[in-house]
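One chain, subunit A, links the two complexes that follow: it is found with subunit B in the first and with subunit C in the second.
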Partner chain A sequence: MANDRRAQLLSGNEACVRGALAAGVRFFAGYPITPSTEIAEGLAAALPKVGGTFIQMEDEIASMGAVIGASVAGAKAMTATSGPGFSLKQENIGFAAMAEVPCVIVDVQRYGPSTGLPTSPAQGDIMQARWGTHGDHPVIALMPSSVRETFDLTVEAFNLAEELRTPVILLLDEIVGHMRERVELPPDEEVHVVNRTKPVEGPETFQPYKPGPNLVPPMPAFGDGYHFHVTGLAHDESGFPTGRGQDADRLVRRLHAKIENRQPELARAEEWQLEDAQIVVVAAGSVARSARAAVREARERGIKAGLLRPITAWPFPEKAVREAARRAAPMIVAELNLGQIVREVERVSCGETKIVPLNRLDAELITPAEILERIQEVAAHVG
Partner chain B sequence: MSVEELLERYTRRDKLPHIWCPGCGNGIIMGAVIRALDQAGVDQKKTVIVSGIGCSSRAPGYMKFDTLHTTHGRALAYATGVKLARPELKVVVLTGDGDCAAIGGNHLIHAARRNIDLTVVVFNNDIYGMTGGQYSPLTPQGSYATTAPYGTVDRNFDLCELVKAAGGTYVARGTTYHTRMLIDLISAGLGHKGFSFIEVVSQCPMYYGRKNKLTSAVAMLEWQKEHAVPVKAAAKLTPEQLKGKFVIGELHRQEAPEYTEVYANLVARARGEEK
Partner chain C sequence: MTTIEVRLSGFGGQGLITAGIILAEAAILDGKNAVQSQSYGPEARGGASKAEVIISDGDIDYPKVGEADVFLAMSQAACDKYAKALRPSGILIVDTDHVKNVPAFSGKTYSVPITQIAVRETGREIVANIVALGVLVGLTGLVSREALETAVLDRVPPKTKDLNKQALAAGFAAAEEILGKEGE
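Let's look at the complex of A and B:
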């Protein structure tokens, strides 16, 4: 679908659909759940027009399974869901991590636990995105805070999934998914698109899990004549199950290393007004919007505040947070949960600065005024 | 084709011998699937074999095709994705009674409802073998299992009736005793356009047999021989006479639009409207 440069009024979920199409999505399987459903609806309309396939499966688990099947057959594939559905998908997300099947999972976070307050905003799935599936596994999760950034990070989610052969999670929250903003989207030809690397070797000598450059094995599609085996069992480079602990160790360490080695460029945070900041507000997704307004307001009142906004929830932008902590400015960590990002901030800052959590759990967004108030309280102590 | 030629062409010989117990029916079923694929003349390069978790689901690892060993119960969901992404591929699902009728039951009825062109072979040994002998939805009521030390209370499914009711368009049941019939049933399923389903009554002497005083594979195969009634013969019997028996052969066949073909029409329509 061609994007034109004219300004449009789009929601985050609509921008996600546009981003997926720009990235070359050809398969979507999903199950209705608010507040993510507009993504399924958008792709149900758009995918047939580009020769792709949309299917509404019988449940969330089946959707994730179908996405993996389609990807193994060569299609760029994605699903979209929200909290409870994200929980249901976790086992198969682990399969995608273990068998290295590229796919994108959008989780438009809503209030939980369980059915919670449908469908009020929350950021309660940050740790689920990291640790939701069992076992040690690497993960990439991106957290946009605007409609335009949702478009960009959807494209990036596909690019990273294809390049690194890994599931990538796009972690929206209800506010980002449903809010509308004026955006200009780039035309398709200006969108950088990455496709998975296919093997150069013929089927005779091909080892499907022999790592190529960047520790990522090239990936043929089913039907290409390679007769390869894909399993969630621990496997060696041939792709077949191994009962040997050393092989499993080598595999799981490589799965981590292929992403950890890229940490310096992967882990990203926006740093705004941080240079001289005496108080740092850490906030991601929709909360970062309020945080930005609060920082601006604080500066107008003569308080040197700054914003550190994680763009990747995972890998967590450790370097940026550590550097901010070393400057010993107190950090206010604002999030729509009882404290998930703050755990990472505490871990990374190693006690080098004071950390002040700011949490909200009444299903309303955190306002700029609340953050400003907290900045002023902290400033009073600093001053 | 000789056994040697079949093994050479269709199996990953370096992965053999298989992990199954002595007397297990899984090897017979895998052999029948291979012979049926050969008989049906499928293009090996364009055939994908998908399985779930359990003893049955280890079979694809031995078979020289594109093979996908998925999560427990989800083989049909994965297979649906494969088929939709590349409808030109022949997609075969190998699954077990626990995998397919319990944890994967929802996917089974919906795949049947869609009439998507998949061929499903259920290795029904009436038990969870991989985990050591727990009862499944197909364990006959009153049988013993490690989790049914006093006999099962649960009523067991007739999986063929279930799939037929859900919309499957080819439904058959065979056994590991009647192997020639089994090959023909699977081959016919492979040739059928739409959702084809073959339940294979098999034996697990190690767990089901030991718990239920059927101590050898031979005794279990003899049980099959004595209790299986071919469709034609069954038609002449009263329900009373069929009590305790089970019917084998082609149980249901129906022509109906196939899912990926209907979807291809939708795509053409959507693209036409764009002009």
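Let's look at the complex of A and C:
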């Protein structure tokens, strides 16, 4: 490891700030909450220096509303919160999905339900990220497990939000958010940044919700000279509500299709030591770090274990999980909750293999030793 | 591959999380890999506070410390809680101003009046964390002294650089004195 000053010690939350800035964020509205507060602090310091705006709002509901407004006005916009605030933001997240407003919502998960244990880790919001707002809506949620990956996935969250005109959720957990590690960040010019597509045609004939070739309508900013209506009511291509079921059907199916069409490249998992694995550990976020250590240790003891790490919680990496299940290797699903990822693993694997949940609920990270022990138990049956 | 695990624990407000960050930054300056994590209560001051640092030549997966190689205890409660979570051959450093009952331990124990040294040498109790870092690195050589000094000066407010430099020197001196006596 080179001793140069590009290497630095950063927390996940700090890396999220750097990633947002590299992606071009110009607006943050939020209400501080542990363990996400460093993201608000970092952007409060940084945004004014790049001509951006930081607002500490009166609450989480208003901050989500402000983020939507800023995005419609043309700014790359985000907020950051934790479980209790994430609950409050849900209604407006649904609005952003329906009105196709690009934005990034960071949820640094802490122990719940309710105010729970404010400074302790959990992964209890995986299903809330998927189904927290009502109605049928598509969701993208990314789940980094290291500081560097937090930087990269923050950039990607903005890119996907802008390209697909959709809210994107970045699901950290307290450990990834607060942990500091040695990291080297790329210079800004090496960061791939996507901006939303603006309309080519003039304001006279412009239909604000007429989809482009990727099913995403081009998006002008308020102030660009285009007049358009933004609503959470089901609307047609004019942007105005019609009250007709068939228009709503067309709209909601398109909202899903624009993301499902991208599913093959979007739904991602890291597959590590899986080729010959007889036991697969499924783990995401901070828990994947323990899982990797456990797999390493198991291999040293002659047990062929592997790691399947969902990088996108949503869309769930169905293909990777299905293929692993078809190889009939038992799967240990380790998570800091009472079983959320495991439901998806069970659904996708259709009973083709044995699934062993490993859950911890005492506000501590699952240790490599606990996972190794479970691997050894399962191996005894496989052997 | 060598990996060293360090735990720093005491009260909230003693600056131990800052000390953990500085130690990890010094390791990076030395060209090593480092991970720092922490746990603390919801209180700003007075509650239990713990910082953990892992320094390694290789990858660091699990970011928490199980059995520590080095443990700095700056409160009795922290010492009682974590002295058991030391490797048998590990190093225990206690601040005798806060830890009165030092547990029997198979490894090496150093009892140092860290807070008193801070007050005596700098007039400021607030830099006890930096004195502690000087003592810890002086005794263990976990990171180079140069890297530690650079890391301290990078992290502290500009107006306090001299104060912190003094505190660090006092910590190094205390460690030298202890090692000198051992050598006699």
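Keep in mind that, in the parts below, the second predicted complex is superposed on the first by the 378 of 383 C-alpha atoms of A that agree within 3 Å, B and C clash if a C-alpha of one lies under 4 Å from a C-alpha of the other, contacts with A are read in each partner's own complex, and residues count from 1 in each chain.
The rule is simple: contacts are C-beta pairs under 8 Å (C-beta built on N, C-alpha and C of every residue); 3 or more make two chains touch, one makes a residue touch a chain.
All values derive from a computational prediction rather than experimental measurement.
In the superposition on chain A, A:59 makes contact with subunit B only, while subunit C stays out of contact range.
The wider contact with subunit A, measured as residues touched, comes from B rather than the other of subunit B and subunit C.
In the superposed model, A:286 lies in contact with subunit C only, and not with subunit B. Shared-chain residue A:9: touches subunit C; no touch with subunit B. With both structures placed on the common chain, the touch criterion links A:179 to subunit C but leaves subunit B unconnected. Contacts of A:301 after superposition on the shared chain: neither subunit B nor subunit C is touched. Applying the stated contact rule after C-alpha superposition, one finds that A:253 touches neither subunit B nor subunit C.
Once the two complexes are overlaid on the shared chain, A:244 sits clear of subunit B and of subunit C alike.
When the two structures are aligned on the shared chain, A:91 is found in touch with subunit B, with no touch to subunit C. Residues 21, 24-25, 28-42, 57, 60-64, 66 of subunit C are the ones touching subunit A in the complex.
Across the complex, subunit A is touched by residues 15, 44-46, 48, 50, 60-61, 64-71, 74, 76-86, 88-89, 106-107, 109-110, 263, 266-267, 269-271, 274 of subunit B.
Residues 1-3, 7-9, 34, 118-120, 175, 178-182, 286, 289-290, 292-293, 296, 365, 367-369 of subunit A touch subunit C in their complex.
For subunit A in complex with subunit B, the touching residues are 26-27, 29, 48-49, 51, 53, 55, 57-59, 61-75, 77, 91-92, 95, 221-223, 225-233, 240-241.
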